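Listed below are the structures to be examined.
In what comes next, subunit A is part of two complexes: it sits with subunit B in the first one and with subunit C in the second one.
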Partner chain A sequence: MSTVKYARQSFWSKNIAFFLFLPAFLLTVGILLPFGYSVVMSFTNFNLTAGTSSFIGLGNYIRLAKDPEFWNSLKVTMLFTVGAVAFEVGIGFISAYLLNIGLLGQRVWRTLFLLPIMLPPTVAAIMWKLMMAPIQGVLNYLLQLVGLPGSEWLGSSSTALFSVILIDAYVFIPFAGMIFLAGVQNLPKEPYEAAAVDGVSAWFTFRKLTLPLLKPIILIVLLFRIMDCLKHFDIIYAATKGGPASATMTLSVQAYYHSFRWTDMGYAFAHLVVLWAIVYALSYFLVGQWRKASAEVRT
Partner chain B sequence: MLERALRLWRIIPVVGLVLIMMWTLFPIYWVFNMSIQTPIDVISYPPKFVFDPTAENYSVVLFGKSWLGKYETVETDFPRYYLNSIIVCSGAVVLSMLVGIPAAYSLARYKFRGKENFAFTLLSFRFAPSLIVILPLFVIFRRLGLYGTYHGMILAYQLITLPFSVWLMRGFFEDIPIELEHAARIDGYSWWGIFRKIDLPLVAPGIAATAVLSFIFAWNEFLLGYILSSDATRPVTPSLMGFISYEQVLWGQMAAAAIITLLPSVVLAIFIQRYLVRGLTFGAVKG
Partner chain C sequence: MRLSKGVVLCMVLVCFVFTAFAFSEEDPLAYYKQAKINWRAYEGEQITVGLNKHPFTESLRPLLPIFEQLTGIKVAYMILPEEEFFEKLLVDLSSGGGIFDVYMTSPMFEWRYQYAGWIEDLNKYWNDPNLTDQEWYNRDDFYEKPLRANMWDGTIGGGLGQGRWNGIPVMVEFFCQAYRNDLREKWGLTVPTTYPELLDTLTKAAELGKQEKPQVYGVANRGIKSWSTVHSGYFTAFSTYGQKDLNPDLTAAINTPEAKEITQIWVDILKKAGPPGWPNYTWYDAKQNFAAGRFYEITDCDFFAATYENPAQSVVAGKVGYALPPAAPNGNITSNMWTWSLGISSLSRHKEAAWLFLLWATASQTMLEGTLKYDNFNPTRKSVWEHPAVVEKTMKWGTRPGEYREIVDAMYAKYGDIRWTPNPDVTTLGDIWAEALHEAYEGKKSVSQALDDAAAKINELMAKWKK
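Coming up: the complex of A and B.
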């Protein structure tokens, strides 16, 4: 990055960076304040209806450690994240490959492939909810047509988590796919020509050349998808509201219930602070890995 | 034998692509299908692929009449929610641009203390669980009288649009070679002249793409609107939750509402397709 040097240094031009920057800075502080408020209030027993709050130290966090509902929501959050990310990265990678090998009408397919990424997630949830209706829904009908058994989908606690993972995958496979596609298209040509001259197998080229070169791209996809899944709220809330029987109760949904249904704000904030700590630690790690990987690829 | 194996090998990618396209397009086709069925057709089993289409669901949803299901009637104010979304999202984008363009420019062109820290604070909003900011905003907004107001919501939506705009536009400004500015400087242009005559025209497409993507993100956002709006200012995505409990009996109308809600996002996205990769990764991947 370079700086611009000016000959005449008036007060305005000397501090121009500051003035340009000030409004955004103020708004950012405006966002940080509520964030700090959350952290502080997580040490109180702030109740929304009563409007009272007093300092209770680590009380909420001790309560969390003993709360089976909390451990359940932590488990659901992790399962949801692992399931959805694996699905999206896997199918996304295959899609990127299929959309890059020059099949007829490739450009049209690429555009159509992207459509779900721009759906409002709540709308996607509603669409799938309509299709997943156990009795009159079209999904069970189609399964039955090809001779497979139907499912209760969102209606049963044993299949609900899988169903919401499916909906999340529907929206975000294109996200992974299109980033992989961009990565594959930006791959340098020379190493591949060299590999072709040396006559190494396709699998070897993929493992030793493509994967390492794509590492920064893969890490970016992981970073965005893991973070979004950990804090996930809208698809699950619109599809199941956390049910049935807490089968899809993620940390965010749980925190929402504590705050609005039970007006137990202090406890809700404690949930969110824990979630935030997990997200922060993981994103710090992944961003670090990404920077390292992209530095390696560039040299 | 070998020839057959080879042909099979060629056909696998085609089958794969067909499957992926079906998975991508069928839900959209099917919900559109449901949205043009009568209340009787929509709940018939087996599901109908061929039927007499009707625009009834759309007129009911768009003109705010009561929703006549098979067993139940529901009153909603869908047009109003739609208008709310347009007001809040446009307002949020305009504010983000006014504040974000100068900030992005100064991040791209000047060195100052704490610059990278600030940029990363902004980025961290993208990854933080949004409830951790929204819940306190709910409490604070109620005290300040901002709860359920348009300007309060436009401020709150900066959580979505501002970090995104600043990060993306910073990249667009950095793409402009600094030598251009130096040259203009020698030609006697003032700072403002350089910004207006050199930088702005060059980043204009980037700024437009940023604005459009911000609008889509704001439009798709659910939680902010769900928690911080009153009934009078509720945006369209959270409003869908209001009648989701009727989806068992009002499938056709639900489907029509879903289609109308997703339309702006999808149509706008097709126009700025070129910038999607870059936009969705906050500029980390230049597609």
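Coming up: the complex of A and C.
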């Protein structure tokens, strides 16, 4: 009969998996706890001034459904997201190509291109607010110099949403452009060489080769920018505070009003839970599309 | 060369005289040392003051070293633009953060802070003989209106001027007409005395101003999406027409026929003569652009005159006339009133030190220096407003000597007062009301519909306070 001796395991080696997992666990709990708190408080009438915090069931959500301001905020949020993402993805994509074709001073252009994203969004908003001031702003001055009429920019409900989209695009086009540039630089050369041998046109190459190969990158950019635009707050609040006449009142700005101006925290949380649900649903869909596109590219 | 004894004696005498002058500088603390207060009782502590970006703040900052020298208490401060200041303060108070020991406040905000338990009752410190020398401080020197505006007994819908004392007023503002007298004479306009006249005059001014280079617009008015847009010139017009924000039963009163009438005039003024991009216009923009000569008139804070009349900050110095707000059809004139005050946070861990700061900052000497040297207007102490040097300075403001002073005196005596109904959600009510003005201005709704919809929301808001 043989005897097998096992070496005694130390405390650390027995529990190393747990300790390696601990930071991720703490981070997840740290994120989930405030989120869970928000969800729970969205079912209460938590008000900082009145000092109330009683359970009211679906009261806040029923109030939301009947509130025309909520539906307006939802509409503005979607319009802002579609407009901003269209600008950023479109111009970011074109910029990536231009920054990759070997222009004179390409390194300098790439550095200058990144400057806006180094600005805090609030600073960019204030900077643009000054430039867009109808009376003393430089944009109207330049327009009038070339004989064009000035605009009210952030000061009119017909132009305010477009103006905040422009500010957002100014800050985040470089973000989209840099991701696209990385994607363009990592495109495989062989398919393009084969296409050149076959004598296909540039447009056909772009449609049938470049776009499908870049689809995972495009979806990643869409994922990041859509998520960010849906919950966007700082540029809009710094520029317009959600006005004029709620023309730029997104869900997050509306939630801010209810919480930090009107102290109606329970109702503010309900706005944010709805916003979270929208962001989650869209990002779930986009991640699924990204996985599918990545698999297609690999094959 | 040997000097005579007489010459040597003269030289010694001259040296003595110069030395005496060099060492006879006035003691900046002399006034405060007269008080029977142990200023150094909290030496070594530090207080943090929350300040709004405002001319009062600019008048206080240079004087802070005097307080530190007097008390040995260090003062840190944070300055933010107005809207952001109130939001930051709300976050600090509601979260229990306690960053600020002292903060700039005003009655409309004190009604919320008092209800929520975020602001100290100053009576406790005022009545403590170990902390306060009442005779030296002379509270009776304050004008009654701004002082009592900071007192509230907590009755929702009333109770102003009684009970708790929340803040000490450091400046007061009323709302008058300030206009370019040089352009008035050039264009042959008259000073409006009714609101329909105001609409007519400002519309003409806006049209005539197009021929000026650079263009001069009709009237500057704040317009951001906030209660403060309602508060100034608009609420002055509103209350002149005998209207109130709330009925005694706390239901909205902003949509009566008379309310709609004056609101329609106001919106027409803004559309025909207001600044382009009005909904995004702050009071900082309005003041600065009027001082830059870009507007014919401004119907906002009277104390902006200190900027207009300062040639270092204004191109219209010496060209501005001042007039009371226009009257209602029945001849009634009123003005809303705003007073910035200093209050103590209930979360402060240095309340006694904070009280000493309040005593010093609102003492007669401090406020006189703030007004004379750093243009803190309008003073809330009679001794400051009637000080010969302040009188001499402000007598020159207007189209004739004493024009500006007459308006402020009339506001104190008769026309000016807080027009809002005391309740903790008054700024929320104001935000809802401002949205209605935006909707009417942008043409999204008629004035009537906008005010009716806002009234419905206000009724919903106020329902919880009726219990």
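Please note the rule applied: the second predicted complex is superposed on the first by the 284 of 299 C-alpha atoms of A that agree within 3 Å, B and C clash if a C-alpha of one lies under 4 Å from a C-alpha of the other, contacts with A are read in each partner's own complex, and residues count from 1 in each chain.
The rule is simple: a contact is a pair of C-beta atoms (placed from the backbone, for glycine too) under 8 Å apart; a residue touches a chain by one contact, two chains touch by 3 or more.
Model, not experiment: these values are computed from the prediction.
*Asks:* Regarding the shared-chain residue A:A202, is it in contact with subunit B (first), subunit C (second), both, or neither?
*Replies:* neither
*Asks:* Who does A:W262 touch here: subunit B (first), subunit C (second), both, or neither?
*Replies:* In the superposition, A:W262 contacts subunit C only.
*Asks:* On the A-aligned overlay, A:W153 touches which partner chain: subunit B = first, subunit C = second, or both, or neither?
*Replies:* second
*Asks:* Is A:I135 touching anything from subunit B or subunit C once the two structures are fitted on A? First, second, both or neither.
*Replies:* Touch status of A:I135: both partners.
*Asks:* Once the shared chain is lined up, is A:Y170 touching subunit B (first), subunit C (second), both, or neither of them?
*Replies:* Only subunit B is touched by A:Y170; subunit C is not.
*Asks:* As a test of reading the superposition: which chain, subunit B or subunit C, is in touch with more residues of subunit A?
*Replies:* Touched residues of subunit A are more numerous for B.
*Asks:* I'd like to know which partner A:A65 touches here: subunit B for first, subunit C for second, both or neither.
*Replies:* In the superposition, A:A65 touches no partner, neither subunit B nor subunit C.
*Asks:* Please report the subunit A residues shared by its interface with subunit B and its interface with subunit C.
*Replies:* 48, 129, 133, 135-136, 260
*Asks:* Taking the touch rule as given, give the residues of subunit A at its contact with subunit B in the complex, in rising order.
*Replies:* 1-4, 6, 13, 16-21, 23-25, 27-28, 30-32, 34-35, 37-38, 41, 48, 91, 94-95, 98-99, 101, 103, 109, 111-124, 126-131, 133, 135-138, 141, 170, 174-175, 178-179, 182-183, 217, 220, 224, 227, 230-231, 233-234, 237-238, 251-252, 255-256, 259-260, 265, 268-269, 272-273, 275-276, 279-280, 283, 290
*Asks:* Please name which positions on subunit A make contact with subunit C in the complex.
*Replies:* Interface residues on subunit A, with respect to subunit C: 47-51, 129, 133-136, 150, 152-157, 160, 240-247, 257, 260-263.
*Asks:* Spell out the residues on subunit B that touch subunit A in their complex, using ranges where they run on.
*Replies:* Touching subunit A: residues 13-14, 16-17, 20-21, 23-25, 27-28, 30-31, 34, 43-47, 98-100, 102-103, 105-112, 118, 121-122, 124-133, 135-137, 139-140, 155, 158-159, 162, 166, 174, 178, 181-182, 185, 191, 216, 219-220, 222-223, 227, 237-238, 240-241, 244, 247-248, 251, 254-255, 258, 261-262, 265-266, 268-270, 273, 276-277, 280-281, 284-285, 287 of subunit B.
*Asks:* Can you list the residues on subunit C that touch subunit A in the complex?
*Replies:* Residues in contact with subunit A: 83, 87, 90-91, 94, 112, 115-116, 217, 224-226, 275-281, 285, 289, 292, 294, 424-425, 427-428, 431, 435, 438-439, 441-442, 444, 464.
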